[in-house]
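Naming follows writing order (A, B, C and D), and every chain is counted from residue 1.
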Amino acid sequence: MVPVNYYIALSAILFIIGAMGVLVRRNALIIFMSVELMLNAANVALVAFSSANNSLDGQIFVFFIMTVAAAEVAVGLALIVAIFRSKNSINVDEINMLKG
Amino acid sequence: MTVDLILFLILAAVAIATALGMLLSRNAVYSALFLVLNFATVAVFYLLLGAPFIALTQVTVYAGAIMVLFLFVIMLLGTEELPKGEGLNWQKPMAVILAVVLMVEATFLIFVQEPVADLISNSPSADFGGPRAIGELLFSRYLLPFEVTSILLLVAMVGAIVLTLNKKEGGQK
Amino acid sequence: MDFELLPNLVTFFPLVGVLILFFIKPDNKVLVRWVALATSLATFGISLVLLQNFDASNPALQMVTNLPWITVANWNISYYMGVDGLSILLILLTTFLTPIALLSTWSAIEEREKDFNIFFLMLEVGMLGVFMAQDLFLFYVYWEFTLVPMYFLIGIWGGPERIYASIKFFLYTMAGSLLMLLAILWLGINQGTFAVPDLIALGGIPAGIQTWLFLAFAIAFAIKVPMWPLHSWLPDAHVQAPTAGSVILAGVLLKMGTYGFVRFNLPLFPEAAVKFAPIMAGLAVVGIIYGAIVSYYQRDIKKLVAYSSISHLGFVMLGLFALNSQGIQGGILQMINHGLSTGALFLLVGMIYEQTHTRDFDVYGGLWKIMPVYGTIMLVVTLSSMGLPGLNGFVGEFTILLGAFGSEAIGSAWYAGLSAIGVILAAIYMLYMYQKIFLGPEGSIVETVKEHGHALRDLSVREIITITPLLVFIFWIGLYPKPFFALIAPTVDNLVAVLQAAMH
Amino acid sequence: MNFSEAANTGLFFQLAPLLVFLPLTGMLINMIFGGKMSEKAVGTVASLASGSAFVVSVLLAYSLNAVHGELHTIPFAEWIHIGTLQLDWTFRVDSLSTVMMLVVSGVGTLIHIYAIGYMHEDVRFKDDIKRFRRFFVFLNLFIAMMMILVSGDSYLMLFVGWEGVGLCSFLLIGFWYDFDTLGQKSTANAEAGKKAFIANRVGDFGFLLAIFTTFWHFGSLQFDSVFEAATAHPDPVVISAITLFMLIGVTGKSAQVPLYIWLPDAMAGPTPVSALIHAATMVTAGVYLVVRSAPLYSLVHSASYIVAMIGAVTALFAATIAVGQYDIKKVLAYSTISQLGFMVAAVGMGAYVAGIFHLATHAFFKALLFLSAGSIILGMERGHHHLAHGHGDHDDADAHHDEEVFDPGDMRNMGNLRKQMPITFWLYMAGTLALAGIFPFAGFWSKDEILLDAKLHAEHFPGVYWLLSLAAFMTAFYMGRQIWMVFFGKERTEVAKHAEESPPVMTVPLMVLAVLAVFGGALNLPFDGFHNLGHWLEYTIGHVEGLPLDLGVAGISTVLALLAIFFSWLLYGKNPLKEGQPDPLKKPLGFLFTGMENKWFVDEGYKALVITPFEKLAKFLSIDLDWNFWHDWFHDSVLYAGFKWLAKFLSEPVDMGIINAIADKLAEWTQRSSESLRRMQNGFVRSYALSVLLGVVTILGYLLFK
């Protein structure tokens, strides 16, 4: 018997760790992984609520998130490959062409 | 303290630990492997939460397909480790501070302001979260979004191919 | 042929000429002149057909075109054209004066003749539209439309101060028009229609509001007339405008103001008209005397004629605000008379100016001996302007003064009595002008012109042709005005009935 | 149908419009074809036109007599019809208008003939032969206008003619518009014409007001309807107003005090003009108007008295001036004014027959006098010409002009002319005696009738008789003075010695006039069974008491006249004036004579009181008020400069200082802040992510702790 709170807390911790990954790492691939981690954190929360509310909708949602995540990763990795080809680096700090 | 709770705490500790491992590893390959471990842990959570279908999907799609893709790209580009650079010096402390603040806020939200006292029963109905139930729901109520995801995947696939096409070599279309 | 559409044809026919002119090379001056002249003559011809189909005994609007034009929300603006006794003579005057004015430009305008003719024909469209429009909004559109060509006529082909004069002309008229536009909008929105006949039929505007509407219209028209003291733009515009411009300005454009009074102010706001009659008559009298005295002291021929217009139009205004048949009919006839006489005066002044390039009195003198035909024609025109019996001016002035003398609305014979002094003053300044130019020993200008290698000549055949039609009408109206009165009488009688009702 | 039948059935009345159109035809012929016609032909056409009008007048008079003076109106054309205003051109043939027609066309024709000779020479002296034709064009136009005036059946038609003759007067006074009376280049003649027109216009102004008042009170302008309405409802105020307004017209047209000033200047016109227009016909229009309006004047005594007094005062006033004049025509001009005063006084007193009688005889003898004076002036001119060309070279025209200006009309230059111009002398004598009122000349009868009326009505019109008698005395005196100065004594200049008699074309019409001047009194002899004119006019103005000859009045006036002539002989005849000698009256009369000589300074008075103030007013209004103040100052300084100031104010302190500054500061601030904010946009994805997180934290914090 685990309170939902705990799951949510876990989800939050994972999410924050993911966010930290996005913020502190320079490697585009790791940033990407952190994003995946954040998605996962959200998924945890959703499944927990689903279970608590005894409703499958949350799980369906998770399913869709996974689909989107898969698509995102496919495109994202393709982008990273493309960037690497032109910049020869995947250090996001070296990619600042949008500087104002 | 029940068995469930103990199990939860252990798994949670593992999940956090792997997540931190992903975060802190210098080598991207290690990070990826830590993440796989994390995803697997989370899949276990799903099982505990009565979502067997999602749990397995998690293992196959995330821990399997996606992370393999990651590893593949890491290997392909040969960027396991970035050279040390100056980077944004103020970024890190700011990020930590914000993370802490966010953590505090989350804690306050979860445990003080809106504590959800519900307990998650460990014995859900037999078919809850099973492939059949999910399937029925997907093909009835969520049919349209489901179909849309197919298009999304198609677009993503095409996008990935177009982006990675090597134009310099006048590659074939 | 459907004669109902004639007013539209008359109004827009000059555009045909404009269209043709667009395709003529500006260098081909002869063709440009002839096309413009032929167009204006054709317009005159069509207006004669209009006259032929005009039923003089019918006081109502005739040959009406009434189409919905803009109907947004509760605005009912229509394209409403028609002719009645108030406007028929002015329409004819316009179509009559335009070819004459154009003919006078053949030697006077040397630059950009094509543009000049195009502007002139467009001006004719505007003027005709003003006299035909029966919808307030449509009227306003035409009213403002006339400003633009005239602005350019003065501003491009005028004298040395043309820019100042043209801008002053434009601003003055514009300023007044805006008030009128407000009044028009008020009427159109509150009464639910912009059509003048409908508005007259509806009536029922409260007296207090009538006062304001009357004033808004009156200021716009008074500036155009111009009534004293709003006349300051006139000398500038007249002096600077080219001859043909002055002819049209004095002949027709000023009449738009007086026409506005009789077409809109009197029938739309009869109570206010009755109330304001003494004030308007008073201003008219001041204008008559003031204009006459000021004319006397001018040293520039054109300026003298310009100021005399103020005096003459004072008579028109006095007649209109007598609010009885004699006054109003005399006033309308006097509009025509002034158009003919002053138009002729400007033409004649322009003719001598072409030879001498000066309008300063002091250098003239004794020209009658050198230019007997010119002197005689000028004498006739001068006398007509002075109101000598047997010429057109007298018929108008006499009926106006007679009407004003016994006018119930004005309420006192003093107004007419004082304005009769204007008759004396007219003799003083007109004879003064005539004497300065034609009598006495030869002026220095004769020598000056000789020094430039050519002698002063009498009028050329073209000039005589230009001026003769005006003379014919000067005599005709003076000797036998009956057909002219017959055209305006029924409509005016209707109007007077409305005003009489408002008076009691 | 024979002649008398036509007369009896009134057929001839239909000819009335010809009175106007015959002269007009003559005018048009001369105007259009005159350029190619000889002078004789031009003159003949014009004289025929006028003469045929005389024939028509005679026919009309004859027919009228045949139908016993019954009024005939001949509608001719509709003119102005508006509502109740019905104005037509209708001819009116009654005994009064026929008298006028006869006088106008009769005297007019004689003067036309005379003018053929006169103008022939005049245009040569003035060196502008082309103007010969123009003269006859104007003269015919004048006859036509005068006919409109006397034959009109309404006040309006009378007014039309009234204005028309004014125009002709203007044109003919200014006929030599580029000269002065001495033949020097000047605007003087033109000015004189203008003066006449304007003075007449002042009168017309009064007449117009009279017309308006008449119309609005009596509803018509047709004579009979007006009189009917007036007698039906005699409102003294209205009728006084009408008659007094009309009087203004009369003083203008008939040269009465105070508007007479134009007539002496009108002598600038050629002499036939002075005779025809400014002595015989046009100036009598005022008298005609009063007689025509007799039914109105007889209704209000006060108005009549004012008319009579104005006439009497004018008669005396002008006579005094005539005494002090040296120009032969000026003397006659003032004499005309004075005689017009007699007529006006007569008609003012209701002595209409006497007035019209004097009008007719005056037309005869004054025309005679003027024309004779013209003959004298031309005679002098001939002498002058003869001398100039006798001494110098024929072609030396310039030298001729450089000579001392010679005034052929100045009586001081004349003397003993009866030797050189005997015919003219006798003709002039006839005219003089008629004017002086010597028995049995025409003037005696008519003037006596006026004096008799004045005596009889002295109760109602006190003072008139004495004024008129005094004026009659003066008349005889100045005419005597003239005769002695012109025809007797010694020639005072060379020119006078060489003066030449005029040709028959001029003298023959004079003889006809002289006969009329001598026997004109027969028109209305004051004996029972005569009174022809009186009876004739009775048809129109009602019963007239034919006054018998009053020996007392006639005796006094004759004695006065003879006495005056005797005095003039004493002063001017016994010791003829020497060359350069001042007038012998100057000493005894002193400043009085200076006044007479200078026309009592009336012109100067007008100049000071009317003309100068008017010009000052005109200057003030046009230069100061209208131009400097209203046009320049108000529009340029107030409106334009005000607008400019406002525009400047709005643009500099307000727009630039406030609104623009706000905008500028805003932009500057934005720029500065964006300058610093720009650094945030550093292009580093992670920084953006940090911002997002910051946002999340902040929003969450806000939601949590709000």
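The rule we apply is simple: a contact is a pair of C-beta atoms (placed from the backbone, for glycine too) under 8 Å apart; a residue touches a chain by one contact, two chains touch by 3 or more.
Source: prediction; values computed, not measured.
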- prompt: Looking at C-D and A-B, which one has the bigger number of contacting C-beta pairs?
  reply: A-B
- request: Mind checking the centre-to-centre distance between subunit C and subunit D? Centres are C-alpha means, answer in whole Å.
  value: 33
Field: Whole-Å gap separating subunit A and subunit B, where each centre is the average of the chain's CA atoms
entry: 6
Task: Take the average of all CA coordinates in subunit A, do the same for subunit D, and state the distance between these two points in whole angstrom.
output: 118
Query: Taking each chain's centre as the mean of its CA atoms, how far is subunit B from subunit C in angstrom?
result: 91
Query: So which bits of subunit B are touching at least two other chains?
result: 88, 91, 94-95, 98, 102
- request: Provide the list of subunit D residues touching at least two other chains, using ranges where the numbers run on.
  value: 684, 686, 690, 693
Sites on subunit A at which at least two other chains make contact: 19, 23-24, 26, 93
- prompt: Tell me, which pairs of chains are in touch?
  reply: A-B, A-D, B-D, C-D
Field: Sites on subunit B touched by subunit D in the complex
entry: 88, 91, 94-95, 98, 101-102, 105, 108-109, 113
Task: Name, in rising order, each residue of subunit B that touches subunit A in their complex.
output: 2, 4-5, 8, 12, 15-16, 19-20, 22-23, 28, 31-32, 35, 38-39, 42, 45-46, 48-51, 53-54, 57-58, 61-62, 65-66, 69-70, 73-74, 76-77, 79, 82, 85, 87-88, 91-92, 94-96, 98-99, 102-103, 106-107, 110-111, 115-122, 124, 128-129, 133-134, 137-138, 142, 145, 149, 152-153, 155-157, 159-161, 163-164, 166
Field: subunit B partner contacts - residues on subunit A that touch it in the complex
entry: 1-10, 12-14, 16-21, 23-27, 29-30, 32-34, 36-37, 40, 43-44, 47-48, 50-52, 54, 56-57, 59-60, 62-64, 66-75, 77-82, 84-85, 89-91, 93-94
Field: Sites on subunit D touched by subunit B in the complex
entry: 684, 686-687, 690, 693-694, 696-697, 700-701, 704
- request: Please name which positions on subunit D make contact with subunit A in the complex.
  value: 678, 680-686, 689-690, 693
